[in-house]
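One structure coming up, written as structure tokens, with questions to follow.
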Amino acid sequence: MGTRAASGPAVSALSAVLAGLDARLPGLERLYADLHRHPELSFAETRTAAALAARLGADGYEVHTGIGGTGVLGVLRTGPGPTVLLRADIDALPVEEKTGLPYASTARGVDAEGREVPVMHACGHDMHATWLSGAAALLAEHRSRWSGTLLVVFQPGEESGGGARAMIDDGLFDVAGPPDVVLGQHVCPGPAGWVLTRAGVLMAATDALRVTLHGRGGHGSRPETTVDPVVLAASVVLRLQTIVSREVAAGDSAVVTVGSLHAGTTHNVIPDHATLDVNIRTFEPAVRERVLAAVDRIVRGEARAAGAPAEPEITELATYGVTRNDEAATTALTAAFDAYFPAGRVAEAPLVTGSEDFGEFGCAAGVPSVFWLVGGLPEREVLDAIAGGRFESDVPSNHSPLFAPVLHPTLRTGVETLVVAALHRLGSPGVG
Amino acid sequence: MGTRAASGPAVSALSAVLAGLDARLPGLERLYADLHRHPELSFAETRTAAALAARLGADGYEVHTGIGGTGVLGVLRTGPGPTVLLRADIDALPVEEKTGLPYASTARGVDAEGREVPVMHACGHDMHATWLSGAAALLAEHRSRWSGTLLVVFQPGEESGGGARAMIDDGLFDVAGPPDVVLGQHVCPGPAGWVLTRAGVLMAATDALRVTLHGRGGHGSRPETTVDPVVLAASVVLRLQTIVSREVAAGDSAVVTVGSLHAGTTHNVIPDHATLDVNIRTFEPAVRERVLAAVDRIVRGEARAAGAPAEPEITELATYGVTRNDEAATTALTAAFDAYFPAGRVAEAPLVTGSEDFGEFGCAAGVPSVFWLVGGLPEREVLDAIAGGRFESDVPSNHSPLFAPVLHPTLRTGVETLVVAALHRLGSPGVG
Amino acid sequence: MGTRAASGPAVSALSAVLAGLDARLPGLERLYADLHRHPELSFAETRTAAALAARLGADGYEVHTGIGGTGVLGVLRTGPGPTVLLRADIDALPVEEKTGLPYASTARGVDAEGREVPVMHACGHDMHATWLSGAAALLAEHRSRWSGTLLVVFQPGEESGGGARAMIDDGLFDVAGPPDVVLGQHVCPGPAGWVLTRAGVLMAATDALRVTLHGRGGHGSRPETTVDPVVLAASVVLRLQTIVSREVAAGDSAVVTVGSLHAGTTHNVIPDHATLDVNIRTFEPAVRERVLAAVDRIVRGEARAAGAPAEPEITELATYGVTRNDEAATTALTAAFDAYFPAGRVAEAPLVTGSEDFGEFGCAAGVPSVFWLVGGLPEREVLDAIAGGRFESDVPSNHSPLFAPVLHPTLRTGVETLVVAALHRLGSPGVG
Amino acid sequence: MGTRAASGPAVSALSAVLAGLDARLPGLERLYADLHRHPELSFAETRTAAALAARLGADGYEVHTGIGGTGVLGVLRTGPGPTVLLRADIDALPVEEKTGLPYASTARGVDAEGREVPVMHACGHDMHATWLSGAAALLAEHRSRWSGTLLVVFQPGEESGGGARAMIDDGLFDVAGPPDVVLGQHVCPGPAGWVLTRAGVLMAATDALRVTLHGRGGHGSRPETTVDPVVLAASVVLRLQTIVSREVAAGDSAVVTVGSLHAGTTHNVIPDHATLDVNIRTFEPAVRERVLAAVDRIVRGEARAAGAPAEPEITELATYGVTRNDEAATTALTAAFDAYFPAGRVAEAPLVTGSEDFGEFGCAAGVPSVFWLVGGLPEREVLDAIAGGRFESDVPSNHSPLFAPVLHPTLRTGVETLVVAALHRLGSPGVG
């Protein structure tokens, strides 16, 4: 296989490059705890970006900051050869941390509506950033062992959507040219030390909608003079459940979540509107279309049932396509993972309902991309859960206020995967 | 009738005292617009209290501020005779004004949870304060025409509950002794120029509850790892509707309103709890008890149905008893109103679902109290609505973001009622 | 008072007429048990009508049967004087009796849809028929003591609606001319031995609607090929609760009940429609109009939200106006009751949410009518409940499968009321 | 492959056996129309069984009737060799036919609750019986071309569940010994002329539950004296939707259908209970367990929220395991289908949410079984639907009142599949 032959020499560099990982783990652990303690919301990742940029600079990268707002690009050219883009996302979520960790966050931020909210790295982007910082350092330290161009991308605004697009639109690919391949990874609620991926569709498409339901406000004691938007919102939430339960075939997959519902300011005033933020996951265009049409139909039908004085408004907050891994590139990368990791640690991923804007880099550049998952939960508990018939354990997973991936071997594995993946695509010195 | 005879001389002072009202109306209108433009939330009425206290001082009252937080007491003694307490409430609501008035509020405040919220005089307390300020000035100007002690009370924290109690507990009645009668009024969605009251129960009891529903948070794409509190909250809201529709007899009255419902921070995170603020109005203790028990039963039953990981919490935000007008005092006052106002302008009030902590002053002092309503909507529109079979017109009413009582004759009528009511109880010079 | 003077002589006949009641009670008790054991649905009261007609004939009445289907009219003329119509309804309900009484019903009938259903006198019409049969016998036995014409009407089809109208349309008033007054009564969940009435509106208007919701049927395992009418029906039922809870003012009264909901035939087939029978009670035209409009709006809005393939159908099953007692006639009758019954046993009735087509007789004849209630529950338990703050006791009431009025003194009281009421209107011999 | 070699000679008989199919199609069409016009509910298939038994007898089978109630077994022994069981189910459903076909059903039956209900072959069992009757005749006519024992089984009570078990328990396998393989088929909403199957799990497990919700009955106008089971049932139905929408992972599959909901008899009586028949489909034991637990939790939690006077009752109406095709037997049969049918007509089936008790025959006998699907919808419409991104077309599918498979080529294909499958397993004369 051509790819394999070409990367052969680079792969031989693996043991040398990764030999220094053990010594760097304590430093990475400190970085991780620092990022975790100081989470920042989408497009507000100034402290995070500065810290990561500083490390890239110290490692010898040419550093570009402020791309797409708060994005960071590190470039390292070691000679002729392919250009490989490694991407990590760096933003956190408006979740109030309840892990009790010594480095738990107490941070607050301001959300898109100007509300002050708690902030937490509840999706592991702190881990992603730490992994990529660690891999970037090792690859820089051993730059003599590979030839080509490495693009290290710390992307803002993945949770909100728009971060990948913002960096691309802001000229990301103008700095050092477009990449030949785009690589990225996510910590997942699989067993720590495991790597999971699949060719083709890996992750769901997301549509995030804001639904504003209009009522007529008034005194809490005189509902007959009002149209109560709280009751309307409750009806909409319950009715939205029927989309998945009644309108999506058992053999298809969809998720419809109302993640946020807000109405009113106090007990004795009936407010004049309610706001729902809805998140939709699908894998098939026909299912997506049906679900979106059903949301629209339900929201409008319920507003009519309520006698709402104005039509509801439905606006798009974010939209991501499915994350689709290039078939050939994924096959080759899986072989590289298989060759490096112990037997049984590289597995086929199930379809993941999570979504990503990672795919936009490959799409925009017109090159293959591969995304994979790195387990972050205690291996024993996850395997017990699987033996009990469930992929899921009871360990809190991404977006939970209790989400706390185990540091070991998670930290190590995610650096290894990036180095394996990068070297597998980069050329050998004097060859590439 | 004794009361009538006794008050005869004082009543004869009426025309003299009220003769100056016309000249004062422009100033009162400016005061009203100023208060309206600068609303302040419960117990944060510092600017309002200062303005009202300053006017009392200028009118010759002995002024006491900071009673019960931001409460104001003005005392005027003119000789022997009864002590009459006139009360107005002065706080505003977390409502975003949408009246488009030239003096509309754009104010913001901080609510009990520390959230920044819009603030509006959506319940007419700016009108109440203006009325009382106007009446206090007239009664002070003509102090030679009556004998007794006038207590002018500007009460904070009526909307939140607790304001009357706070002033009493803070020694209100120690300053000039307890009153012999307590009088107060509220602007209502009746026709402007009308005065409505009734002996016995006039206004409902209120119980305000905060319900916290616990779920288990997680990723918006993986609801199966969570217990979704948004869905639970929606079920609770719909099920609470059945209390009034199924558990309260048609001949009884109750209102159960969820005025505020908040859950979550963003679309792709399932939050771990939801918060509902519930407002309950009843007139009968047995109905109140049944409704409260039903709320508790529904909230707990729904949490079980949801598999909630923790019991819901139900805490009391505020509680008011019914507002009960003293029979004899109300009969006498109605006669005084009848004697002053044109025929047809004084009517029996219906039972009002609104609530008040006004009653606490009379209860604490062990003296009669009378509360009445002054219409604030355009007379023609209200009468047309009544002719069409409804007490309610379509004009926005109290607590609506569109609430805007007509200034004329509303401003005048509310000053007249206070002066009539006060003089009717105060003694004549050399007699009282 | 004219009425009183005129009825004086007739009233003096009271003790003579009622002297025979004691001896007749065992026979009336047997009649009641027999009717109770053999209930018949609306317009199928053939056995009941035959038994009552036979007794009227034996008592000397001119008997007309088959009026309006299964209605019975007995006529007794004793001389010049007023014509008094006494009416009892005689039909039963599709309820499965669970009283465990020795004379409990095990009867079955066929409802309007051709379904076989259990049948029970769950509303006491067996008591009404027994009362009127007893009073008719006593008044016939003592026909020399009054002068005038007595019309004894056993009306079918009150529960279904349409029975009064059917008798009138079938020439009821052609037989012996129209009455001068129409009198009727109902057993109620008040204390046995008590009589309750009120001038003006006594009972609610009823609108009964059938709502047919159309879905699209299919296999229970493939809801995505269907529009599930069971889910749609559930949404409609919950949303209908909001009419009373949100759209009817606390000071107004309305009841919206879905008494019957049917959809589907088996677990693994999603049916293509659901049927709801809805019963609405109101006292005010404006409230009635708003409630009916809200039902229509909700049903159609929910069907849209469901994506129903066809508009819902809403048809009227029955409609009754309010039962309104003539002011003067009620005042006079109340005086007669007061004069006869021990102090405290005649009380003002509350507004009753039950409905009646009794009022149609008086309307059609253009004469006054009076309707009253006779308590049927154990006095002690009801009074204890009232003392506890509730008009309602826990004793099962009308339409419950456990409804079982106490026989004593209920049987006696209801005969007494009819005799008092009739004699109070009839003339004296040689006078009338 | 051993199976293939062994069946080689028998397969060579195929063209001879199927040569007579064309001539028999008109007769099969008449049989189908007759069965369709006269559907019978589960375990009441007396007319159907008699007709099918008569044809078997005429074809020379040894016929056994009344096995497991209304089951029929035909036995044909032609010499040494394997015993092959071919099974068709013959019962119909309580669905009111709305196809408008000339041979549409107007039949009525009595369901398990004694209700009279419409009956329709809405699941194609009339087609299954016709297919098997046709294949049995052809195989009997050409009995000299195969060696072994053929068991032709017409099974009652598949829709209700229990039919396969009843036949087995009633000694099905005692008549002619157990089979070596069990074969069966179902008409499906795929394209007519197509055959679909898959090794391993093909069809879902079903659990059918009856949920009885207890309220307290009473007068429709006085809900406050009742606990309304209609409102409770509505809440349960909506809440059950959340099992699939919130508790089943997007990568898992489950269906929860309330196929039937009944409460009450008339509009003005609040009934004392409601009955829901719930159908649950799952493929994985862990998912099944979670769904069943959730149903229990929701039903009980909602009853508590309602203040129900008694615990709900949940009873099992039927339970089926997944339908699992033997791997080796399915591979071999698929090869036989591939060899016979035109290219593209034999496809891999998706996971089917339908359920079957077919699997019980193979389980009880301890032998392999294979089940497959035969398309019954117009090929062009189905393929257009698939091209539009959906497996489903808009053509009404199984259990719909509009279900009407196209007769051609559906009738032919289902006879061919049975003959191919039987001969592929049976021996050659003088060899088997």
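So that you can tell them apart, the chains are marked A, B, C and D in the order they are listed, and the count of residues begins at 1 in each.
Operating definition for what follows: contacts are C-beta pairs under 8 Å (C-beta built on N, C-alpha and C of every residue); 3 or more make two chains touch, one makes a residue touch a chain.
Worth saying up front: this structure is predicted, and the values here are computed from it rather than measured.
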item: Farthest chain (mean CA position) relative to chain D; value: B
item: Copy pair chain C, chain D: interface residue numbering same or different (half cut); value: same
item: Where chain A and chain D are represented by their mean Cα positions, the distance between them in whole Å; value: 44
item: Chain A-chain B separation of Cα centroids, rounded to whole Å; value: 50
item: Centre-of-Cα separation between chain C and chain A, whole angstrom; value: 67
item: Sites on chain A at which at least two other chains make contact; value: 204, 221-224, 226, 228, 231, 235, 238, 241-242, 245-246, 249-250, 255, 281, 353, 392
item: Footprint of chain A on chain C - complex, ascending; value: 221-224, 226, 228, 231, 235, 238-239, 242, 245-250, 252, 294, 297-298, 300-307
item: List of chain B residues in touch with chain C within their complex; value: 204, 238, 240-246, 249-251, 253-256, 281, 284-286, 350-351, 353, 388-392
item: Partner chain B, residues of chain A touching it in the complex; value: 93-95, 98, 111, 115-118, 122-123, 159, 189, 204, 206, 208-210, 216-226, 228, 230-231, 233-238, 241, 255, 257-272, 274, 277-279, 281, 317-318, 352-355, 392, 396-402
